[in-house]
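Each of the next two complexes has subunit A plus one more chain, namely subunit B in the first and subunit C in the second.
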Partner chain A sequence: MTEVSIERLTKTFGSARAVDGISIRIADGEFISLLGPSGCGKTTTLKMIAGFEEASEGAIRFDGKDVVNVPAEKRDIGMVFQNYALFPHMTVDQNLAFGLEMRKIAKPEMLSRIAKVLDMVQLGGYSDRYPNQLSGGQQQRVALARALVIEPKILLLDEPLANLDAKLREEMRVFIRDLQRRVGITTVYVTHDQAEAMTMSDRVVVMFGGRIAQIGAPSDIYERPENLEVAQFVGQVNLVKGTVTGVAEAGRCRVASVFGEIAVDSRANHAPGNSVTLSLRPEAIELKPAGQGGAQGKVTARYYSGSIIDYRIALDSGETLHVQTFPNIRIAEGDRVSVHAPADGFWLLGAAK
Partner chain B sequence: MTPPRRKGVGPLILIAPAAVLLGVFLVLPYLNIVVMSFRMPGQGTPYGPGYTIGNYTKFFADGFYLFQVANTLWIGLLTTAICLVVGFPVAWQLARGAMRFRALAYGLVLSPLLVGIVIRSYGWTILLGNNGLVNRTLTGMGLIDHPLPLMYNALGIVIALVHVFLPFMILPIMAGIQGVDPSLESAARSLGASRFTAFRRIVLPLCTPGIQAGCILVFVLSLSAYVTPSLIGGLRVKTMAVTVVDALIDTFQWPWGSALALMLSVTGALCVVIFARLTRMKWKVARP
Partner chain C sequence: MKRPVLTLYCLLVYAFLLAPILVVVGASFNAGNFLTFPPQGLSLRWYVTFFHNDVFMRAIRTSLWVAAVATVISGVIGTMAALYYVQHAGRWKETVRVAMLAPLLLPEVLTAIALLFFVYAIGIGTTTMIGMVAGHVLITLPFVFINVSASLESFDPSWDMAARSLGADRLTRFRRIMLPLIKPGVIGGALFAFIISFDTFTISFMLKGIGTSTLPIQLFDYLRTNFTPEAAAVSTVSIVLTLVVVIVSEKVLGLRIHRF
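Up next is the complex of A and B:
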C-alpha cells in the first residue's frame, strides 16, 4: 500500500495561485478529505495528484517516489469523477475490463477480478447493462468498482456524491467508507460538504484560497477550529465576545463574557485584557425556563425539524444565539428562557490568518 | 418518466408544412424523373411517345458512362477523405480548444459559405490555371519547370470541392466531439490508457455519428456538385452532374438525362448505405 506525501505543492494559472504551497502527509490506508468552498483549490490539488494538472512547484511522492513528471496513465491511481464518467458505449463489464486490458491482465484473472469487485459493490447481476440503464447510485458504484478493480495505489474521489439525492448520499457515504476500510486503500476525497468530510474521513484538510487552514481529525476540526473561517465552514457557530482576565494553565485562558467568567481551551496564548471571540456550538447550549440562572433571553424563533429543534434567542445583553436542542423540551416562541452553556462548550478562536 | 404519448392531430399539424414542401418539391419531381427515364427519345421534342428501357440499356452498354459514374464516385470519395483528414483536427480544436480563438476560428471555417459558389469556383480557376497563382509561385521559386496540370482534371475539381465543402465536414464532427464529455478521456487515462488509446477507444467511437454525418454530407454534395466541376473540369473532365445537365439542357434529351440522373442517385445512395453499414456502431444506446 501507499503513503502519499505532498510537499509545498503550488499551481498557478497566470498570476492566480490556485494552490499555494500546500503540504500534506497521507499515511498508508488513510482516508483524507479535502474540504473547502468552490475555488479553494481542492479539486486542482486532486487533479495534480492524479496527473491531469501539472504542478507549478513542489513535489508529490507516492512511497517516497516523486511522481510529478509521471503521466496520469502511469501513476497507478483509481479515480471516481463527479459525473461518474462511465464509458456510455460499454457495458458495466466492459467498463471494468478497460483498466485491466490496459494492464494486459489475462482473461481468466480479469473475469474473476471483475466478478469479485462487482460483488463488493453489490452489483452482481448487472454485468451486461449499459450505464444509462442504471440509476445514479448504481452508476456511482460502477465508477467505484472500475477504479478499484485495477487495484490502484491510491483512490481519488472528486465530489462523487454531489449528483445524488440526499438519502442516497447518506447511504453512499457509509458504503464508500466501509468499502475503503475493507480494501485498506489510501484515499483522497474532495468535497465541499462538511458533513460528508466529517463522517467519512480519518483526517480532514480544510482549504481556503489555495491554502490549508487546518488539518486534523474531524472532532479536532469541529471542536477546536483554527480560526473563525474554519469554525463557520464546518458547522453552525455562535460568536460570543469576551475579555481575557487571566491564564488558567497552559492552553487555557480565563475569559469573562455574558456567561460569566469561565476557563476556556485555546491554542494561542492571550494576554489579560485582550478582547477575544469565543465560539459556542448551538448544540452545546442548554435552555431552561426563565429564572434558573445563566444568561437571560427570549425565544424569537423556533424551527422544528424532527430530530432537533432550532431556536433563535435574543439575549438581554443584545447578542443573538442559535441553539439546537432535542425536541424533548417544550419552549415556545416568545417564551423567556435561561441560557446555560457549559465551559467545555466554548472554544477560544484565534484570529483568522 | 416518459411523457404521455400525444394523440390527435397535433403532431401532424407540426410536420405538415415540411411534409407538403417535400412532397410537392421533392417526391413528385422524383417520380416524374422516374417516369421520364422510361420515355422514348423525341425528334425535335424533349421526349417522344411510348415507353422503353432503351435509356438504361444504352447506359450499361456504353462503358463511357459507367466510367463517368466511377470517376464521379472517385472524386466524391477523394473529396470526402481529404475533408475528413483536414477537417477533423479543426473540428477538435473548435470543440476542445481555448475559448479565446474559438469565435475567430468558427468564422474562418464558415467563411467559404459566405461567398457564392460561382465566384468561389471562378476564384479557383484563377488560382489553379497554368498561368495561375499557384503555378506561377512554384515556377518563380524554381520548384517546377513546367506548370502543374491543376485545371481541367480531377485533381483541380477535388481541390476546389474540398474548399467548398469543408465546413459541412467540420461542423457535424465538431458537434459530435462536443457531445463527448472530456472527463471520459481523463477516466480512460486514470485507468492506464495513453492519450492515443483514450482517443481511439473512447472518443472516436462516441463521436462516430458526427463523423458519419460529415462524410455523408460531403460525399453527396460532391456527387451532385455542378458549378465547380463544370468550371474547373471544363470539357476535359466531366462528372455525372455535368453530363446530366448537358443531356437535359444542351442536347435536350430529357429521357436520357433522367436515366443518367437516376443512375447517379442510385449509385450514390448505394455508397451511402454501404458506408453506413461499414461504420455502424457496434454498441447500442439503450433508452434509460
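Up next is the complex of A and C:
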C-alpha cells in the first residue's frame, strides 16, 4: 500500500496561484478529504496527484518516489469522476476489463477480479448492462469498481456524490467509507460538502484560496477551528464578542461576554484586554423558559425540520443567535427565553490569516 | 390522425420532395422512344440499352472510383481537422471553422475555376484524375468536418481522463475510446462526402480530363442530343446506387448510435 507525501505543491495559471505551496502527508490506508469552496484549489490538487495537471512547483511522492514527471497513465491511480465517466459504448464488464487489459492481465484472473469487485459493490448480475441502463447510484458504484479493480496505489475521488439525490448521497457516503476501510486503500476525496468530508474522512484538509487553512480530524476541525473562516465553512456557528480578562496558561483564557465570564480554549495567543470572538455551535445552546438565569432573549423565528428545530433568538443585549434543539422542547415564536451555553460549547477563535 | 392539418401539410411536403424522383423512376420503365410521363407501356428496354452503353458504364465506374477515393481522403483529413478544431484550436477556433467551411460558402463554379487555374499553374493539368479528386475532396471536406466536430463536441473529456487513469496510452485511447464514440459522426460525414461527390457536376465538369467523364456529366452530354427514357434509367440507377451505399454502410458500420 502507499503513503503519499505532497510537498510545497504549487500550480500557477498565468499570474494566478490556484494551489499555493501546500504540503500534506497522507498515511498508508488513510482517507483524506480536501474540503473547500469552489475555486479553492482542491480539484487542481487532485488533478496534480492524478497527473492530469502538471505541478508548477513542488513534489508529489508515492512511497517516497517523486511522481511529478510520471504521466497519468503510468501513475497507477484509480480515479472516480463527478459524472462517473463510464465508457458509454462498453458494458459494465467491458468497462471494468479496460484497465486490466491495459495491464495485460490474463483472462481467467481478469474474470475473477471483475466478479470479485462487482460483488463488492453489490452489482453482481449487472455485467452485461450498458451504463445508460443503470441508475445514477449504480453508475457510481461501477465507476468505483472500475477504479478499484486495477488495484491502484491510491484512490482519488472528485466530488463523486454531487450528482446524486440527498438520500442516495447519504447511503453512498457510508458505502464508500466501508468499502475503503475493507480494501484499506489510501484515498483522497475532494468535496465542497462539509458533512460528507466529516462523516467519511480520517482527516480533513480545509482549503481556501489555494492554501491549507487547517488539517485535522473531523472533530478537530469542527470543535477547534483554526479561524473564523474554517468555523463558518464547516458548519453553522454563532459569533459572540468578548474581552479577555485573564490568561491561565498557553491556549486557555478567561473571557467576559454576554454569557458571563468563562474559561475557554484557543489555539492562538491572546493578552488580557484583547477584544476577541468566541464561536458557539447552535447545538451547544440550551433554551429554557424566561427567568431561569443565563442570557435573556426572545424567539424571533422557529423552523421545524423533524429531527431538530432551528430557532433564531434576539438577545436583549442586541446579538442574534442561531440555536438548534431536539424537538422535545416546545417553544413558540415570540416567547421570551433564557439562553444557557455551557463553557465547553465555546471556542476562542484566532484571527483569520 | 389527431392533427389532420399538420398531417396533410407533411404529406404535401413529402409529395413535393419525392414526386420528381417517382416521375423519373416511372419514366425509366417506359416502353416508348421518348422521355414522357406517364410511361407509354412498361418495359426494361432502356435499362438494357444503358447497361450495354460503354460510355455510361465507364462514367459510372469513374464516378464510383472518384467518390470512393475522395471520401477516404476527405474522411481522414476532415476527422483530423475536426480533432484539431475541437481540442487544440484555442483562440483560433472560429478562424479554423470558417476556413474549413469556406468551400460550402463559395459558389462551386468559382471554386472550380480557381482550381482549374491552380492545377495548370502547378503543372498537374487535367490529364490525370488528381485535379478532379482534389476538387471533390475540397467540396466534401466541410461535410466530414461538420459531422465529426459535432460528435466530438459531445465527447466528454473525462472519458479520456478515465482511460488515462486506467493506464491507456494516447493511441489506445483514440482507438478504443474516442473513435468508437465519434464513429457515428465519422460515418455520417463520409456518407455525405460520398453522395456529394457522386452527385457533383460543376467541379467535375471543369476539372475532368478527356475520357474521364463522371455520370452526371455524361448524362448532361447525353441529354443535349437525345431525349430517350435511357436518361431516366441512368438517373434511377444513380438513385439506387446512392441508396445502396447509405443502407449498406448503415448495416455494416452502424450509422446509428447504438445503445447509448
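Note that the second predicted complex is superposed on the first by the 353 of 353 C-alpha atoms of A that agree within 3 Å, B and C clash if a C-alpha of one lies under 4 Å from a C-alpha of the other, contacts with A are read in each partner's own complex, and residues count from 1 in each chain.
Simple rule for what comes next: a residue touches a chain if its C-beta (ideal position, glycine included) is under 8 Å from a C-beta of that chain, and two chains touch if they have at least 3 such contacts.
What you see is a predicted model; the values in this text were computed from it and never measured.
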Original post:
After the subunit A overlay, clash or fit between subunit B and subunit C?
Top reply: clash
Subject >> Partner chain(s) touched by A:Ala290 [first = subunit B, second = subunit C, both, neither] >> reply: neither
Subject >> Touching partner for A:Ala256 - first (subunit B), second (subunit C), both, neither >> reply: neither
Original post:
After lining up the shared chain so the two structures overlap, which partner does A:His89 touch, if you call subunit B first and subunit C second: first, second, both or neither?
Top reply: both
Subject >> Residues on subunit A lying within both footprints (that of subunit B and that of subunit C) >> reply: 50-52, 71-74, 76-79, 81, 83, 85-89, 98-99, 102-103, 130, 132, 146-147, 150, 156
**OP:** Within their complex, state which residues of subunit B touch subunit A.
**Re:** 181, 183-184, 186-194, 197, 201-202, 205-206, 281, 283-288
Original post:
Which subunit C residues qualify as touching subunit A in the complex?
Top reply: 156, 158-159, 161-169, 172, 176-177, 180-181, 259-260
Subject >> subunit C-facing residues of subunit A, complex >> reply: 50-52, 71-79, 81, 83, 85-89, 98-99, 102-103, 130-132, 146-147, 150, 156
Subject >> Partner subunit B, residues of subunit A touching it in the complex >> reply: 50-52, 71-74, 76-79, 81-83, 85-90, 98-99, 102-103, 130, 132-133, 146-147, 150, 156
